[in-house]
Amino acid sequence: MKLLEYQAKQQFAKAGITIPAGRLARTAEEAEAAARELGRVAVKAQVPVGGRGKAGGIAVVDTPEQARAEAGRILAMDIKGYPVRSVWCETGLDVAHELYCGVTLDRDRRRMVLMLSGAGGMDIEQVAETRPEMIAKLWPDPFRGPQAYEIRQLAFTALRAVPALADRTGRLASALVPLVQTLYRLAVSLDAVTCEINPLVITASGDLVAADGKLEVDENAEYRHRDLAAELAVDALGDDGASGDDPFEVEAKRRGLTYVHLDGDVGCIGNGAGLVMNTLDLVKAAGGEPANFLDIGGGARADVVRNALDMVLSDPKVRGVFINIFGGITRGDEVARGIIQARDELGITKPLVVRMTGTREEEGRELLREAGIVPGVSAVDAARQIVELTRQGE
Amino acid sequence: MKLLEYQAKQQFAKAGITIPAGRLARTAEEAEAAARELGRVAVKAQVPVGGRGKAGGIAVVDTPEQARAEAGRILAMDIKGYPVRSVWCETGLDVAHELYCGVTLDRDRRRMVLMLSGAGGMDIEQVAETRPEMIAKLWPDPFRGPQAYEIRQLAFTALRAVPALADRTGRLASALVPLVQTLYRLAVSLDAVTCEINPLVITASGDLVAADGKLEVDENAEYRHRDLAAELAVDALGDDGASGDDPFEVEAKRRGLTYVHLDGDVGCIGNGAGLVMNTLDLVKAAGGEPANFLDIGGGARADVVRNALDMVLSDPKVRGVFINIFGGITRGDEVARGIIQARDELGITKPLVVRMTGTREEEGRELLREAGIVPGVSAVDAARQIVELTRQGE
Amino acid sequence: MSILIDRSTRVVVQGITGREGSFHTEQMQAYGTNVVAGVVPGRGGATHLGVPVFDTVSDAVVATGADCAFIIVPPPFAADAIMEAAAASVPLAVCVTEGVPVHDMIRARAVIDASSTRLVGPNCPGLLTAGECKVGFIPNHVARPGKVGVVARSGTLTYEVIQGLSQAGHGQTTAVGIGGDPVLGLTFTDVLDLFREDDATRAVVMVGEIGGSDEEAAAELIAAGYPKPVVAFISGRTAPPGKRMGHAGAIISGNTGTAQSKIDALTAAGAVIGDTIEDVVRLVGERVGAPSGR
Amino acid sequence: MSILIDRSTRVVVQGITGREGSFHTEQMQAYGTNVVAGVVPGRGGATHLGVPVFDTVSDAVVATGADCAFIIVPPPFAADAIMEAAAASVPLAVCVTEGVPVHDMIRARAVIDASSTRLVGPNCPGLLTAGECKVGFIPNHVARPGKVGVVARSGTLTYEVIQGLSQAGHGQTTAVGIGGDPVLGLTFTDVLDLFREDDATRAVVMVGEIGGSDEEAAAELIAAGYPKPVVAFISGRTAPPGKRMGHAGAIISGNTGTAQSKIDALTAAGAVIGDTIEDVVRLVGERVGAPSGR
């Protein structure tokens, strides 16, 4: 669950991190009103992807009239597939220096990593690649959290690399202690996999202000943040209920399915991400093009299977579906019932190839056979079969 | 810093622990109004000591008129030296069973201890003494806090000892997990040395309700809870600015001094609790009676010494003062300056005996001598001297 | 011989009375696993599927000497169940729960690291020592005893590989599904270390997938001198970069974690790569010799 | 010989530029303590009292090989300073700060327990090895070298005892003021264990006070067979029960922690009790023999 910039900033502000004054505008008129209130502002497109500045999604304006005009232009844009539904109008900062400060999941260390750099701003990813020593890292004990002395150490390491900051390193290190602790606690309390401030601006008067923010919440923990998700849903979907994402993926998400839309014509369903990825590989190896990735997960019951088939077939490009089931926690008979029910109720006429093995495979195969669907055992054979069947229609 | 019952309960409620509906009343009329609103209530004296029930400080009333009468009676009481300044009017509970649940500092383990018992209520201290196995204990890791499984374990241990609860042990254990976690987090966030619910009532409908509460905040951490301290000051001191404590101790607290009022006539001042306790012992051994304990602490400067002398002499029973200084972090010259200044400005005529040794003793003694005060070196001799001098006046 | 579990393993099931807990406990019993206890808070004293149920893991361990915890509880309770097993000093905990919040797992993993407990999972199919014991839900009939160790991130691919090996006559010692979550217990390197010490294991099949760098870490271990042949398979070759493929871990980040980077690292380290599962089976055959007769 | 510190000890002062930090660093230097560094965040690169100042303890340790941290910082920063010393693996940290919140100390103590660092304090006068080194603020001229170990909760009483011993000609090995807070580092038993192993220490004076049960724990250790005579003094005999005597720890709770319970426990264990400091000095004399010449 990715928050938009303004949503992330609202979380920062609530936690006590300073952000520039700003107003959200969903129309050019609202942007004009915001500029009238705030004066000189930056009008910033609210989209859940990076690179909006380079795409023309940010404009600095001096008058309310300009704000209206630029907001109108930006609200008509589509950035990397995301239509702009709102702009954040924000007062400018008197920037003395830009830092980077972020918390993100480090898989290798099995912990969150805190990163701080004196080289903040748009090029931080390039800095990470070319001058990794410019980014100081800390892996706090998950129960203790980052201690003040650890953050000071991190700050001294990061800031010593920036000669321009030499005269204020001590003051900055002190000021960063509460800010970094707040950011880390916020990340943990929101179950964030990423929570970053970039740039973290040092203003001419020496204050630390979060000029941009990124916040992504762990999907497994969304049940603990229903309020946030509900608020997001309103904002992300706007009035017409659609988002900038692929419409099939939006629909899949609504249905609670793990689905990725691809370009081909062979629908693919399986239980378990690895198996589905391999199913895609097998279809490709057999000369076909997968239309999607759809993992019904472990322990999926009949209704989930029906839901999945309905989803895959909603893509008109799909010419047939390969269902690859190796029962572990998933039980063959349950899946079989779902397939049969879906075929009958949805009136599916396109080819279905079902490969079924594993837990309760006998029961499952028997059900399929009774319903007139021939179950396969080998995934390789089944993949060849579905590719052949879908090619026949060409 | 000890909170009153209603203040502790307000903290519980804010944290999400259920408390009975109640209203604070500072007059009989307010109690009447509360009873009109709440119906049948218990009128409970708000004093920072235990045993108020046995002292007649709690009355259960059926009508607003009774509430007025009883509140009037209780507000005129003085319980163990504490005049009752307010009563808490609270709706009664349909009690099925009483538990005990508390968090307190365990010096021996150097941690907080969580305690849970199926034998809650007024006699919990007796239970602790006679049937300690009825109280289950847990010493959570201070960074991890109590985990759900630990609390369940604690609950099963405590509740198995109560056959009457056998049929609902599982449900209770589940319900206690969030409650105990909340109580522990509250204790830590408030820097509490004690935070307890007794009794924790299981109502007839199966809810857990905090029917009484005790909360004491670590004095060393009061700087982190200034809001709470300010709120308390209003309540504890009432309109006339005095509390139920010994007026000398109240005054000492206002002055920021560590002072205990005693019954004798020899004023005692020293640097360090151990030294002052020993000073008291020495005065007693020499046949005198200490009038007080006053520790000026480590590193005390001249103004603190002056403040201390002024405080000790405000007790008219005091016939002379023994100042016992062994400089470590405290410096002899600073203390000497404070003594001389106090003597001169306050016009002290009662006998002063100063024993001075340790850090900067030479400088300190020199200053005293110049000012006409003969400094002693031996604490034993100095104690004898002050006892003699104070006896002379008899 | 085998690793982690065998016919003497005594299993306590945390969440034994749930729908999935019951079903898979029965499957495990059918496979021959010695399930000695269940744990369900508040159900202590009951009997379920022929085994005694306790309120706490600690009670179960004291009463039955359980030395392996099978954790099959809903996601919000998984980390707590893992910590409870660790606090009871159970030597091995196997958590199959899918969807455990990553911050929960970060904390649980820190507890595991400070304990004497080994953790497999979460979000994994568990493990199986062929013909002796299974803890988790690898299907009962796919494995057969033999000389090949299997370690895999993906659950269902684990089954595919086991089935492929068995059908070709190459039995297994132990198959371990480590799971695909970003924060988990045993990793490829941990399991490779265990197989190194197991005399019965003559070759190891390792099934990786895109995301993370555990396969790269395994490559380093192999490059440092691994005494047994390793045949590897990496799934997700056709995955488009940056697309999320269901496993939270299966996100391609930076320039590591791609199928190609893993294949390159493993090849350089001396492992052989199978392009398909058939390939894997053939490559194993070349290394462990003719299949043992059926 | 001595315990914990000697002339080779290299001290880093956390908070060296503060008013108290400066004064007592000078006093320590005057006593002969080898102060090698100071730490003040943001003052790295400066020199103060002739020693280099660093931003972090870790920097100071790397640059100077400091093996003892003297912590003299305001209460809100004390626990963090202790943890920083522990993280830098400084073998001994001495914190004299008074008024540290007890929850801070509970956390700091947990960190210390998981580290290789020994902690003395907080709210203590520190320690002194006679004629060699002092860390803290035991007055410079009261001690003289000899054979008596001293361990005390109260700061100023520590000085009294040392002075009394010295004036009677009974010099000291090391005197340790452990502090009177409810949660602290080394306790009586820890220091008694250290004196046990120190050949130069022939007798130990232990100065306890009301509150807590550390004196009772020490009695248990002595009763289990302690090879050196222990002379004990307990202050606070005239303290009224339940009254708070300044030290957070000096609260009488339940039926333990009273002066009498401590005296009884120690007497039963085989320690001798001095009723006054003069008494203590006399009893020490009876045990270590005639004073060494001055």
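Letters A, B, C and D mark the chains in the order given here, with residues in each chain numbered from 1 onward.
Assume a residue touches a chain if its C-beta (ideal position, glycine included) is under 8 Å from a C-beta of that chain, and two chains touch if they have at least 3 such contacts.
As the structure is a prediction and not an experimental result, all values here were calculated from the model.
Contact with both subunit A and subunit C is made by B.
Annotation of subunit A and subunit D: jointly contacted by B, touch as defined at the top.
For the pairs B-C and A-B, the count of C-beta pairs in contact is higher at B-C. One simple way to say how far apart two chains are is to compare their mean CA positions; for subunit B and subunit C this gives 56 Å. Averaging C-alpha coordinates per chain places the centre of subunit A 52 Å away from that of subunit B.
Chain geometry summary: the mean Cα position of subunit B and that of subunit D are 28 Å apart. Within subunit C, contacts with two or more other chains are made by residues 107. Counting partners per residue, subunit A has 141, 143-144 as the residues that reach two or more other chains. Taken pairwise by the contact criterion, the protein chains fit none of the simple patterns, being neither a path, a ring, a star nor fully connected. By the definition of touch given earlier, these chain pairs are in contact: A-B, A-C, A-D, B-C, B-D. Here subunit B touches subunit D in the complex through residues 105, 107-108, 110-112, 141-143, 188, 191, 193, 218-221, 223-224, 258, 260, 262, 270-278, 280-282, 284-285, 290, 293, 295, 297-299, 326-329, 331, 357-359, 361, 379-380, going by the rule given at the top. Touching subunit B in their complex are the following residues of subunit D: 20, 23-24, 27, 75-76, 96, 98-107, 109-110, 125, 136-140, 142, 152-160, 163, 180, 182-184, 207, 209-210, 212-213, 217, 235-240, 243-250, 276-278.
Within the complex formed with subunit B, the subunit A residues making contact are 141, 143-144. Within the complex, the subunit A residues that touch subunit D are 144, 147-150, 152-153, 156, 169-171, 173-174. Per the touch definition, subunit D reaches subunit A in the complex via residues 41-44, 55-59, 77, 80-81, 83-84, 87, 107, 111.
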